[in-house]
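The structure follows.
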Amino acid sequence: MGKVAVVGIGHTKFGKRSDVTIRELAFEAIKEALEDSGLTPSDVGFAVVANYGGFSEDMCPAPYILEYAGLNPKGAMRVEAACASGSAAVHAAYWSVRSGLTDIALAIGVEKMFQVDTPTAVELLGRAGDVLWEFIPFGTTFPGYYALIATDHMNKYGTTEEQLAMVAVKNHKYGAMNPLAQLHREITVEEAINSRVIAWPLKLYDCCLISDGAAAVMLASEDKAKKITDTPVWIRGLGSATDTGYLGRRKDISTLQATVLASKQAYKMTGIEPKDVDVAEVHDCFTIAEIIAYEDLGFCKKGEGGKLIEEGQTYIGGKIPVNVDGGLKSKGHPIGASGVAMTAEIVKQLRGEAGKRQVPKAEVGLVHNVGAAGQFCYVTIYGREG
Amino acid sequence: MGKVAVVGIGHTKFGKRSDVTIRELAFEAIKEALEDSGLTPSDVGFAVVANYGGFSEDMCPAPYILEYAGLNPKGAMRVEAACASGSAAVHAAYWSVRSGLTDIALAIGVEKMFQVDTPTAVELLGRAGDVLWEFIPFGTTFPGYYALIATDHMNKYGTTEEQLAMVAVKNHKYGAMNPLAQLHREITVEEAINSRVIAWPLKLYDCCLISDGAAAVMLASEDKAKKITDTPVWIRGLGSATDTGYLGRRKDISTLQATVLASKQAYKMTGIEPKDVDVAEVHDCFTIAEIIAYEDLGFCKKGEGGKLIEEGQTYIGGKIPVNVDGGLKSKGHPIGASGVAMTAEIVKQLRGEAGKRQVPKAEVGLVHNVGAAGQFCYVTIYGREG
Amino acid sequence: MEQPTIKNTLNIDMEIPQTRIAKFWEGLKQGKLFATKCTKCGETYFPPTADCPRCYSSNMNWIELTGDAELITWTIVHVSPKSFSQHSPYIIAIAKLKEGPNVMAWFTGIKPEDIKAGMKLKLVPKYIPEKEKLSYEFIQSCNINFRDGVCRL
Amino acid sequence: MEQPTIKNTLNIDMEIPQTRIAKFWEGLKQGKLFATKCTKCGETYFPPTADCPRCYSSNMNWIELTGDAELITWTIVHVSPKSFSQHSPYIIAIAKLKEGPNVMAWFTGIKPEDIKAGMKLKLVPKYIPEKEKLSYEFIQSCNINFRDGVCRL
């Protein structure tokens, strides 16, 4: 069967975008993806919109985004997989092309979180957890979930607060180099460790941001892709898995089983091994999440994620550069947009268009996108070669 | 490329299901679909959950439904296309199988609308419209949207309140014969016409119900399907389209352009014409919607939908039996479940398992599922032959 | 015996930016109705948009509307959403503006039996200072002053 | 000049049925903690489920829990959601029940510096009659009476 490639990308500035509505914000990304691919709305066969929702006005956002971007009457749906919604949209768009039903599909991710105040944003995010048995009775928050995971990881493997802080330092360093990032400020380990506690042991600089942002990627079938662009980036492997909603139902909470399983599927589909990955975007909603992702994706052994960042191996020049766009931590984490934006960044890297943040000779890239506290995981492997 | 078949169906009792949570309700449908197909959770490759949301506790319902039904660690996503979410799930599940990424996919639709009071349900549904330019300033409701469409259709084509009532009479007749339906009461044209006004010219009996319910359908690739069952029902054609969110942006609001375009795609894919369809499930969220669907799907000429029901042509024995399960009108309309439940009903008909409501010699069936006021439309054509 | 339930409340207050069409809201305050018109393809948008869905230009001109319109369709909403419970019944209409776009708004100051498709309407700005609420509505077209939003035929 | 915005509020009150696990809530009222145990495959569920995700049986037995548990992990939530703004900071813990399942609940009556992985906890029912609120929480395991939810070591 035919291959599928990314032939166009769009990525807005992330941050507090109180200058635009969600429709205007999505339009920015869609326009850029169209221009990047040289296509027009009439070329698109199907549009998949990723949006978590609740922060913004539309309960059913897809039609309003399509109308604003002149994409009617193209078929569309919204997909949601909590913080992995963006990757779910990329996978659904991939399926629609790979199934042969359409030649060109557009995955759009968008979120406008600053339309509500912080306690409400914390509430809406907390409700991605088990509302019945965790949120309503105990007010669990997302920093809280990852703090539970962090405490367990620290107890089991001796991971330290300093190592967590080192992830933040790295991601702030690259965020400062990325004009699209929400934060442009390098930080030190000391600053991170001394920042205020959000959910112990996680502090302010361990946590991703509340963000507004949008991204869009255009996928095309093999035949079309070769006509559209000289630099297609091929989707080589895909994997997805879920884990229990109730955290207590998991045997070991210091690992995200969904990551382990989803990445195994993607590696198997491609024949690529972790050591063959040149650059990765991993889901660093919290610093501990990046450390665990190193382990669960096979970039290091279980329990050695803390050591990997301590040795600087995930910087450009290290064994496996990770989140060299700033990550969710410094670039921002507009929920529905994130997975699509990670894809756009990997495409930039494989095209060699990442400027100061370019990983030399990047041939194979990986996107790892987690939904909620590991309830969902999507892994996608991209290559310059198909 | 390989064909895809429905190999298992599940459909709960629709109605006020205050005896169960959304998880327990979805479990009923999933269990039935597994038993019907003879498969186990471990056979499932991917699960797509359709849910509009807002009425029930989980902002991110998929993981909790998967956990409750023992479907972890299978990959999953939620899809939403307003009232067409169920068909969006069937299409996404189809793609996932057709793409070759999995052999077996499960589409699950569920909604629990009775967890909120009626004014809140009206509010949440109204917010599927254009929240910025219709809902917030003018309090548009879904009966209101379809009333605007009805007024226009009546003015243009002379469609009468009696004809609208006749749709309700037919659907109540079949609902009374369907043990899974919410209402089991036949009504008369007089009763319908004299019922209280909801959004003039639509009255109580022109409007679908607030409902709780779930449905699930198991899809399999050609090879697998033949091994699983002797009565696969093949997905032969698919189409989907969108229309503008803001109703004022449409040239003609007496037609749903998305239906016209989506059905053309599906007919073209199959080579089937409207006259070849033996039985149809059409989106009768309001009686006017069924009349317009007759026209937009090509079962009669534009403007003659009222005549078609007046002549009784959409009863069993007529030219094209429509909604002989009671439709959304009498069977109920639990938003996310509806498109999946329509699929289950067509499969029953094509298997010859519809009992008293069986359309004789049904070989080709059509499912028409509209999201919001025509913002989305999904059409799917099923056949006993592939 | 009463069955146990879990009661839960979710309350969301949001603030939706209107920065890029600020002129529209200023216009309403001043009793004027503005639409946007694409400088590239000439399409007119009401509600106004800051970008053109047709040609993707973001160079839009503001044009003042006459408010002249012709009724296409209408409904009378009796069962209203929670947030409109004190307002029902209300008449919602869609009418075609002289300048092109079809617009949805309340149609006020009219008896339902007097409404007919094709009748001339006027779209007028509506400003309720005490509620700081800016909106617009249809009234019957007439020649006398309707600055206070009431049509005196 | 202040930029215009549209303010909007959405308020949802819902009531979630607990009919099929009514015995669990009655148990809490009586100071007892119940789990379900599948009669077919023997799996124990807390929070209780009316159906078994493992073998799809719906024949579940109710078993009373001892409450004995061992701490796995914990956090102290300082930044809380809107609906918990008056409660923070609070300690959330996950502990393994003697009967098998891991449970998440608040851990009360303890100083953060005294918490250690592996420590013995007791999961106890909690009933606040004036608020009609039924819940459960972890306290430090001890031999004396903890009916009022306070651990007196």
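A, B, C and D are the chain letters, set down in written order, and residue numbers restart from 1 in every chain.
Note that a residue touches a chain if its C-beta (ideal position, glycine included) is under 8 Å from a C-beta of that chain, and two chains touch if they have at least 3 such contacts.
Labels paired with UniProt names: A, B = Acetyl-CoA acetyltransferase; C, D = Zn-ribbon domain-containing OB-fold protein.
Please read these numbers as outputs of a predicted model, since none were measured by experiment.
Engineer: Give me the fewest steps it takes to get from subunit C to subunit D if each step has to go to a chain it touches.
Structural biologist: 1
Engineer: What is the distance, in whole Å, between the centres of subunit A (Acetyl-CoA acetyltransferase) and subunit C, each centre taken as the mean of its C-alpha atoms?
Structural biologist: Each chain reduced to its C-alpha mean, subunit A (Acetyl-CoA acetyltransferase) and subunit C end up 38 Å apart.
Engineer: Roughly how many whole angstrom separate the Cα centroids of subunit A (Acetyl-CoA acetyltransferase) and subunit D?
Structural biologist: 32
Engineer: Show the residues in subunit B (Acetyl-CoA acetyltransferase) shared as contacts by 2 or more other chains, in ascending order.
Structural biologist: In subunit B (Acetyl-CoA acetyltransferase), the residues touching two or more other chains are 18-19, 21, 54, 57, 67, 117, 120, 123-124, 127, 131-132, 136, 246, 249.
Engineer: Which subunit C residues touch at least two other chains?
Structural biologist: 3, 6, 8, 10-19, 82-83
Engineer: Connecting every touching chain pair, does the picture come out as line, ring, star, complete or other?
Structural biologist: Looks like everything touches everything, fully connected.
Engineer: Considering the complex alone, what residue numbers of subunit C touch subunit B (Acetyl-CoA acetyltransferase)?
Structural biologist: Subunit C reaches subunit B (Acetyl-CoA acetyltransferase) through residues 3, 6, 8, 16, 47, 72-85, 87-88, 90, 92, 94, 101-106, 112, 117, 135.
Engineer: Going by the contact rule at the top, pick out the subunit D residues touching subunit C in the complex.
Structural biologist: Checking each residue of subunit D against subunit C gives 3-19, 22, 25-26, 82-83.
Engineer: What residues on subunit D touch subunit B (Acetyl-CoA acetyltransferase), complex-wise?
Structural biologist: Subunit D reaches subunit B (Acetyl-CoA acetyltransferase) through residues 6, 8, 10-20, 49-54, 56.
Engineer: Sort out for me which residues of subunit B (Acetyl-CoA acetyltransferase) touch subunit D in the complex.
Structural biologist: These residues of subunit B (Acetyl-CoA acetyltransferase) touch subunit D: 17-21, 24, 27, 31, 34, 54-57, 67-70, 115-117, 120, 123-124, 127, 131-132, 136.
Engineer: Provide the residue numbers of subunit A (Acetyl-CoA acetyltransferase) that touch subunit B (Acetyl-CoA acetyltransferase) in the complex, in ascending order.
Structural biologist: The touching residues are 1, 21, 46, 52-54, 57-60, 62-64, 66-67, 71-82, 85, 88, 91-92, 94-96, 98-101, 124, 127-128, 130-132, 136, 238-246, 249, 257-258, 261-262, 371-372, 375-376, 378.
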